[in-house]
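Remarks on the structure that follows.
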Amino acid sequence: MPKKKNKTKQRIIPGSEAIREGLIEAAKKDRNVIFQAEGVSDPSSVYGTTKNLEKIFNKKRIIEMPLSENAMTGVAIGASFLGKRPIISLHRVEFALLALEQIINNAAKSHYTSMGQHSVPIVIRLIVGRGWGQGPEHSQSLENLFSMIPGLKVITPTFPADAKGMIISAIEDNNPVVVIEHRWCHYIKGHVPNKYYKSQIKEPIKIKNGKDVTIVANSLNVIECLFVAKILKKYKINIDLFDLRVCRPLELGKIKKSVKKTGKLITVDLGSKILGIGSEIVSEITSSCFNYLKKPPIRIGMPDYPTPSSRGYLKNHYPDKRKIINELSKLFPIIKKNYKSIMIEIDKESKKLPIDVPDPSFKGPF
Amino acid sequence: MLFIRLVEEMIAEKYKEQKMRCPVHLSIGQEAAAVGVCNALSKKDRIFSTHRSHSHYLAKNGDLKKMLAEIYGKLSGCCGGRGGSMHLFDKSAGVTASVPLVSSSIALATGSALNSKINNTKEVTISFLGDGSVEEGIFHESLNFASINKLPIIYVCENNLYSVYTHLNERQPLRSFNKLGEAHAVKSITCDGNNVSKVNEITLKLLKECKKNKGPFLLTLNTYRHREHCGPNYDNNIGYRTEKEFKHWKKKDPILVFKKELIRKYKFNEKNFDNLSKSLTKKISIAFKYAEKSKLPNPSLISKYVYA
Amino acid sequence: MPKKKNKTKQRIIPGSEAIREGLIEAAKKDRNVIFQAEGVSDPSSVYGTTKNLEKIFNKKRIIEMPLSENAMTGVAIGASFLGKRPIISLHRVEFALLALEQIINNAAKSHYTSMGQHSVPIVIRLIVGRGWGQGPEHSQSLENLFSMIPGLKVITPTFPADAKGMIISAIEDNNPVVVIEHRWCHYIKGHVPNKYYKSQIKEPIKIKNGKDVTIVANSLNVIECLFVAKILKKYKINIDLFDLRVCRPLELGKIKKSVKKTGKLITVDLGSKILGIGSEIVSEITSSCFNYLKKPPIRIGMPDYPTPSSRGYLKNHYPDKRKIINELSKLFPIIKKNYKSIMIEIDKESKKLPIDVPDPSFKGPF
Amino acid sequence: MLFIRLVEEMIAEKYKEQKMRCPVHLSIGQEAAAVGVCNALSKKDRIFSTHRSHSHYLAKNGDLKKMLAEIYGKLSGCCGGRGGSMHLFDKSAGVTASVPLVSSSIALATGSALNSKINNTKEVTISFLGDGSVEEGIFHESLNFASINKLPIIYVCENNLYSVYTHLNERQPLRSFNKLGEAHAVKSITCDGNNVSKVNEITLKLLKECKKNKGPFLLTLNTYRHREHCGPNYDNNIGYRTEKEFKHWKKKDPILVFKKELIRKYKFNEKNFDNLSKSLTKKISIAFKYAEKSKLPNPSLISKYVYA
């Protein structure tokens, strides 16, 4: 992420536009970039992220995908063998379940099996559908599933500027990159530089400096953690907070350093706690920082059941401020002592929006 | 048919209250398919549906209260509020399952027909699908399997020309949908999907054949959705389809077509129609009230039923 | 597993026959059991495990599957909604990648979403193809992928008698059960009772009692661990050895108890180390037994790259006796001291068979 | 063609030495398909193959030494021993990829043709597949996509009547394979796959059409495999196919058919044939020696090339 240079010129745009800019910049720079999506140029254009591409680029590069996720992923891989850089955008993570044979066998392994003679520079954008009653089959994130597979890269952008840079890096990368985009992050607004730039897709970024506890979160959960950090600062608890960003390859150097300092670790997973990225982080950190750990590491993540449609069920469902505070209270007596007032503050914040919408502007229907 | 229309129009009207908080895919304009087919069925016959499941569910006599409660996210809904509008089912009525992923229920329906075949029972399974569904490989895999095993199943494809905002011509080459069935030696028929009597007549014929072990069949019904892909509104303004096309199909509104037929054949008149509408609306309003008044599920229930 | 009663009558049969017996017994007991496989009654019949079923059962119950893994899984699920108990057998784990949408959405979630009104009593047998140059796309085990999904059960039988009982339990179970069968375990011989019996599919089984270190392994790795246990006994190191058996739901009560006794834990995964079952076990144990752990838990598993075809590459590839000893040597100085002689003993054992065959009788071609 | 036959016969012979330690799927009996098609191609045209890839690879002038070394698991193999017999490829010869999962390479091939379409270059892609492959949904998904986009690709289906030990009739209903293409408005032709000249002639015609933007095509070639599904032996004894059927096809052995044609048309005689065999065998033996002498990969190389 480039440093902000000129405060007066800051353009504030939402994540979805930042991603669209990244796609456009990368496609302008490299004519091998092509786009595939269901409804790629339709009035909705994948939540606006592929809007009007056909006005900027040769139509041949904008490919309307029939409802054939499996074949279309194979098509992208085949085209990438010959130098194309296809970007597939799917409206829901779950649609990629139809394409896993292509992703796990052909995309992830061709470079390996061919001794580097093939490479598969494709980007697969998968959007997490949380909210508005999407229900059990339209709201999974499954980043842990993709992160199991050597040969893939898996990234989970959070902030707009970083998202744009990460998308550009993903497109430039010669490996298959799975991008798990949370659609609620599409609404996050921030300054986004108006040019071609890359953000590394190698490792986490520290976004708060603290000495008391290490927290590793990604995507939407980072926002929850930032809020928690703000509250806890008042109680002199300083969080060393990391935006994980890259789930595979999992580069934990910075986290290890942090845990050696804080002695305490909490992971906050977008997807399931069981066999989640947090399980891998905790295992790895336990192994390399065992003697520095003052307390057992704590994992927060999606519980061990699907996400129902009705908002009635969801009160304690997602990893959120409240859950993070609850876990932290096991580590810091001062939180226990001030639990009530902290919770009141959190309640105030939480009530600003219903649990099933990302933004006040959101009115459904999907 | 009018019943279904009125239910969905009330959903559309009340959707803006933001109390139905899940996607809804209305079948307004396509009701003749659901009704023509389901009216031919007996209670034991089973149907499987998709994301656009309201009309199928209701045509097969699925419980209206449970459907609305489900859309309202209530515990009294058919899934206890867990599935929302894309998961409607009512086992006792033979609405076995609706599934949100495109084409995913086609294989389930085929399994239901396999069950009948193995048990040597005579009920028939209907697999409802859209013109987009035939692009998914599983559609072909299912037809091939049904064909070798002569399963008692009718695949009913409602061709409404669109998948979301994309016209058929951008997704599939020009050819008759019948060719899709014929690729698997599945006998295939295409007909006007807005004429409920015709649809009914053909379905009755195919059902008979199925019971004589002459299934499976592919029945394509040409039709059109009046409202947006998902949600309560009209969307002719957003540019993916023309007002002209819309008007063309609006004239062929299945309710209109059927009304005319009733008037012509059975001395039915506007007044009968109004009375019918009113009495149905009353019944429907009661169901809406039921749904609105029902309780949201308690968060503590969320961990139940993960395992049988 | 029932106790052995009558030593003189012990029938010694290989795992594949034990599994076939389990299938047959269960299908005899419940006429709703049906079989689906590609080549279900062909001369090979899924490595003999479905051999001659059509001679025992009504042909209608033996269903030849076209090469349509996705639809056929859906067919099984649909039939199971109506009371059938389909058993799908796939020759390779990887073929199930085509069916994951059906497995993850319809099989795993239908009971949940329908508030228990649907259930999906299907069994999906997946065979790990290791050996004879199968290569990167025919030898994965992927038990961690399936174990991520709430609503599924995932089992990995090792020994013949247990395998038979577990298969019967899986068929009787009202949930979708994925059985990861290692084809090398098909060759393991043992006494198998000649009747209908069930082995629980709820938790691990302790197969060696020891006080020095807890080792949790499954499938073929249990055999490797047994050998290690035998050697180390000579050096007075006694392993508390568990056959994990059930990867989901992961019931760790016994393991926790064991770690509280030994203070040391090693997991040996069939599939990848990264995001493997071992990661989940280690995270969970660290969290609940933190104060009992004398050393950081150790994970052994498949490395972070695919499995190539040529045996030339494979020398240090699989989790094996040697790797287990190496890790144990970090915990026990006596192993370091006697490293050479231990390795000689291991070398002797390892050289009995080439690395790419499960049994002396195996001559290829697949 | 004879060259391919001799290579595979030598593989069969030497397989029992247990030095080729990976599955091998021989094309003995099916060579006319590979040769008839690939002889029509130029170097720039690309092919994609399956588990049964030897004949395609060789017919497209893939490097024999690298192929054998791969089967022997040697570092000098086309995949450095990483893929084995089901992953053969030789980019410089236009053998882009072979893939072990049934039908998985059909979509890759379609992507290759998309590439040509976007670049507006004139090369054509061939997607080799078996009669079993058409049962996988991805086959249909690929044809539909190729059809809408008029891609320059020929799907070549070698119908050898079996998938492993299961006859076509147990897996698919009776209908012409052409119907499979026609479902997607893909022009489809079926012909004798054991007559190399005919296959070649038709392929040339289709190539021309593809270059005029009139692709894609589905070309079904009826043929038969002489040996077992996987491995070096004959398997008529195990009971899934009859000796009679085998003999029927043995008479139509493509090598025999072509030899007769050569004799009839070009004064070719047995002696020419023997001389040719001998010189080819010599060349082949050298390649085998190369493969046998090549080194196994060093275990330390295993972690290379995971990421580009």
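Chains here go by letter, A, B, C and D, matching the order in which they are written, and residues are numbered from 1 within each.
By definition in this document, a residue touches a chain if its C-beta (ideal position, glycine included) is under 8 Å from a C-beta of that chain, and two chains touch if they have at least 3 such contacts.
What you see is a predicted model; the values in this text were computed from it and never measured.
Between the contact lists of subunit A and subunit C, the overlap consists of B, D. Touching subunit A and subunit B together: C, D.
Put simply, the chain farthest from subunit C by mean CA position is B.
Per-chain CA centroids place subunit C at a distance of 36 Å from subunit D. Each chain gets a centre from the mean of its Cα atoms; for subunit B and subunit C, those two points are 43 Å apart.
Touching two or more other chains at once are residues 79-80, 82-83, 87, 99, 101, 135-138, 141, 144, 148, 170-172, 306 of subunit B. Contact with two or more other chains is made by residues 66, 68, 70-71, 94, 98, 101, 105, 112-113, 135-137, 150-151, 304-306, 308 of subunit C. Taken together, the touching pairs cover every possible pairing of the chains.
The residues of subunit B lying in touch with subunit C in their complex are 48, 79-80, 82-83, 87, 89, 91, 96-97, 99, 101, 104, 106-112, 114-115, 117-118, 137-138, 141-142, 144-145, 148-149, 304-308. Taken in their complex, subunit D has these residues touching subunit B: 135-141, 144, 147-148, 170-175, 179-180, 182-186. Taken in their complex, subunit A has these residues touching subunit D: 34, 60-61, 63, 65-66, 68, 70-84, 86, 101-102, 105-106, 110-121, 150-151, 153, 173-175, 249. By the touch criterion stated above, subunit A contacts subunit B in their complex at residues 38-39, 42-44, 64, 66-71, 94-95, 98, 132-138, 303-306, 308-317, 356, 363-366. Those residues of subunit A that touch subunit C in the complex are listed here as 70, 94, 97-98, 100-101, 104-105, 108-109, 112-113, 135-137, 144-145, 147-148, 150-151, 250, 272, 274-275, 277-280, 282-283, 286-288, 290, 293, 295-299, 304-306, 308.
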